[in-house]
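Quick heads-up: structures coming right below.
The two complexes that follow have subunit A in common; it is paired with subunit B in the first and with subunit C in the second.
And then the complex of A and B:
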């Protein structure tokens, strides 16, 4: 069957979307599943079986994006995380109308903090934790910044947690709505967490970035906050902006506007308690 | 998903650009998918711009076209930069490369380069310079693509080409050619057609002559075996011809086509352009007594096989007949490139290796 995922900024269609992941999609995407069936779709994903034999023995599926197949065939149980990567792949490969920064985005009082970081530094966990509290997460994976307005735009998507983060969030926020864990992806175990309803998403608008925080989770450490200069911040943002080389002059101007409106910090932390007051201060 | 497009309707957009005004949003959605699959999204933006049709494009579609345009525009900058770096690298060994295909379209500012994307840069150098060029590129940081032994032998022994190069820092691929058609086809292009009447572009870089740029594109199309994205090639040919016609007479290309024994392919290309793009070049040329006349079997072949094979490969379009037509062109392409005494062992080795990979896993031959 076809399933539409309406992320707000982008609309995806998943052709031959198997029944077994429908409950997960419903749980995570809420009313964004099959929303506005008559509106046009931006990107099409098709899920295909690899061979007739493989339907019965060690079932495998492939994700196609039109005629392309960006990932290796995978076990059925790993479909959900791969679909999520498929969505990211489409955005990163085809959207050059926005500056895309590898970063989570948390918003409060109409002001955004973006947290760019390498995988494994805890940016998704941080976004998930605050998204389950009183912040809104515009994305746990990429800041989508309009080249026209220089504002960061919201997507309606779940956050994705890896390995130990799954238990961390389960312990801190036991009531969080979480998908079943996919064990043994190339990034380890993955689970997805719902951070808002569609109705809550509909309240959100594009907002200005007021701070850039480079997070680093360090077990058993004290909260450590270091101010970073705007010059340093600029070059570190370039490093995390994965379509910066394509969006050219417009991308530079957008990045400059973000830098001009932002304070920059590097933080290391092991608990979210002290962090909360610090982040609140940035968006006051 | 039901297709809201027929191939005829798709082709018609290129002959009558004003027909985009009647497309529904759902038709746009499918058109964008087909164009993206055919690597033509950015080109389509410029096509509509040239025909002043952008105001008829709904916002939904315009966003996708603009995004692709931005990507292609940036590639033009990248190509210009790479061309300078390559020219400087080869200047050390006193070799001036002739830029081919996509890079040449950029350097010549041909109409078809706007929005066009390419996956590699192609250069032509004299055969005697191949070894020097290989070494110069390597010492400049280019790496030869790792091929398995069989494919390496294929390149060096049969195609007489260097394996493709990549530049790991700049993320560019480079193909080095010493002629524009594999010698194995038996077709030889005299050196002065390649290196004699070159065009010197604004910054002193070289491309083939205007006639040879077009002939190369035609040869590329009709000696190809992969037709999944060949619609773009016929669009290239048509647009290059439009540029050419504005300054010269087509009889000059006809002469070159006759001299090089590609008169039939030249006629094929014109027939397809006339048919697809609502032009009448064959009428004009048929007054020329030296214009090759097609046998009715050839005309049938164009209609029944080549045209269906040119339909972009996409789930929304693919009929059994299109797939069959592409398969015929696949066999034809191989047959033209390899005499049977090489083709049969080649298919045998490739099938055997496919079988081994089926049993031992797809990465068995990777080093």
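And then the complex of A and C:
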């Protein structure tokens, strides 16, 4: 069966979307599943079995994106996280109408903080925790910034948690709506968390970036906050951008706008106590 | 080459419109805040004036010329 995922900015059609994945999509994407079936689609994904034999012996599936197969075949149980990575791949590879930065984005009081970081730094966990409190998460994976502005756009997507982060969020926010855990991906165990309903997403708009925080989770550490200059921050944002070298001068002008309106900090932390007050102060 | 001075005056960012390369140079420009125009561009006239009377920024200019971030027209 076909499923449409409407993320707000992008629309995906998933052909041959298996039945077993439908409950997770419904849980995570809410009414964004099969929303506006007549509207144009940005990306066409197809899920196929690898061979007739593989239907019975260690079943595998492949994800095709516009007839390309960018990923290796995978176990059926890993389809949901792979589908999520597929969506990321489509956006990062083909959206040249925005500047895309590898970063989570949290928003409060109509002001955005973007948190760029390498994988494993805790940016998704941080975004998930605050998104389940009184912040809105525009993305746990990439900041989507309108070109030549400092305004970031929201996407309706779940957050992706890895390994120990899953238990951290389960412990801190037991009521969080979470997908079944996919064990044994190349990044370890993965679970996805619903952060808002479609109705809540519909109330969101583009907002200005006021701060850039580079987070680093360090077990058993005190909260440590270090101010970073805008020049250093500019350099780091270039490093974290997916498509800066493609969008060219528009990308430079976008970063100029973001940097000039933002404060920059590097933080290390092991708990969210204190961090909450610090982030609140940035969007006051 | 496009030059931008950050609003906190912590340095200059150079962007090449040819190959899109970007170079960020940390330099405390707070004593020379007049060199920054409202849109972040460098005020060439004031920058050159500052270079005539201040050794630190003059040395910065020499380095920028040496590495082709600035041209002699400046």
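Simple rule for what comes next: the second predicted complex is superposed on the first by the 281 of 284 C-alpha atoms of A that agree within 3 Å, B and C clash if a C-alpha of one lies under 4 Å from a C-alpha of the other, contacts with A are read in each partner's own complex, and residues count from 1 in each chain.
What we mean here is this: a contact is a pair of C-beta atoms (placed from the backbone, for glycine too) under 8 Å apart; a residue touches a chain by one contact, two chains touch by 3 or more.
Values in this document were obtained by computation on a predicted structure and should not be read as measured data.
In the superposed model, A:259 makes contact with subunit C only, not with subunit B.
Of the two partner chains placed by superposition, A:174 touches none, neither subunit B nor subunit C.
Contacts of A:232 after superposition on the shared chain: subunit C is touched, whereas subunit B is not. In the superposition on chain A, A:245 makes contact with both subunit B and subunit C.
Touched by subunit B in one complex and by subunit C in the other are residues 245, 248 of subunit A. Considering their complex, residues 2, 15, 39-42, 44, 46, 66-67, 94-97, 245-248, 250 of subunit A touch subunit B. Subunit A makes touch with subunit C in their complex at residues 229-232, 234-235, 238, 244-245, 248-249, 251-252, 256, 259-261. Chain contact summary for the complex, subunit B toward subunit A: residues 1, 25-26, 28-29, 33, 36-37, 60-61, 63-64, 66-68, 70-71, 73-74, 77, 228, 313-315.
Residues 2, 4, 6-8, 10-13, 15, 17, 20, 22, 24-26, 40 of subunit C touch subunit A in their complex.
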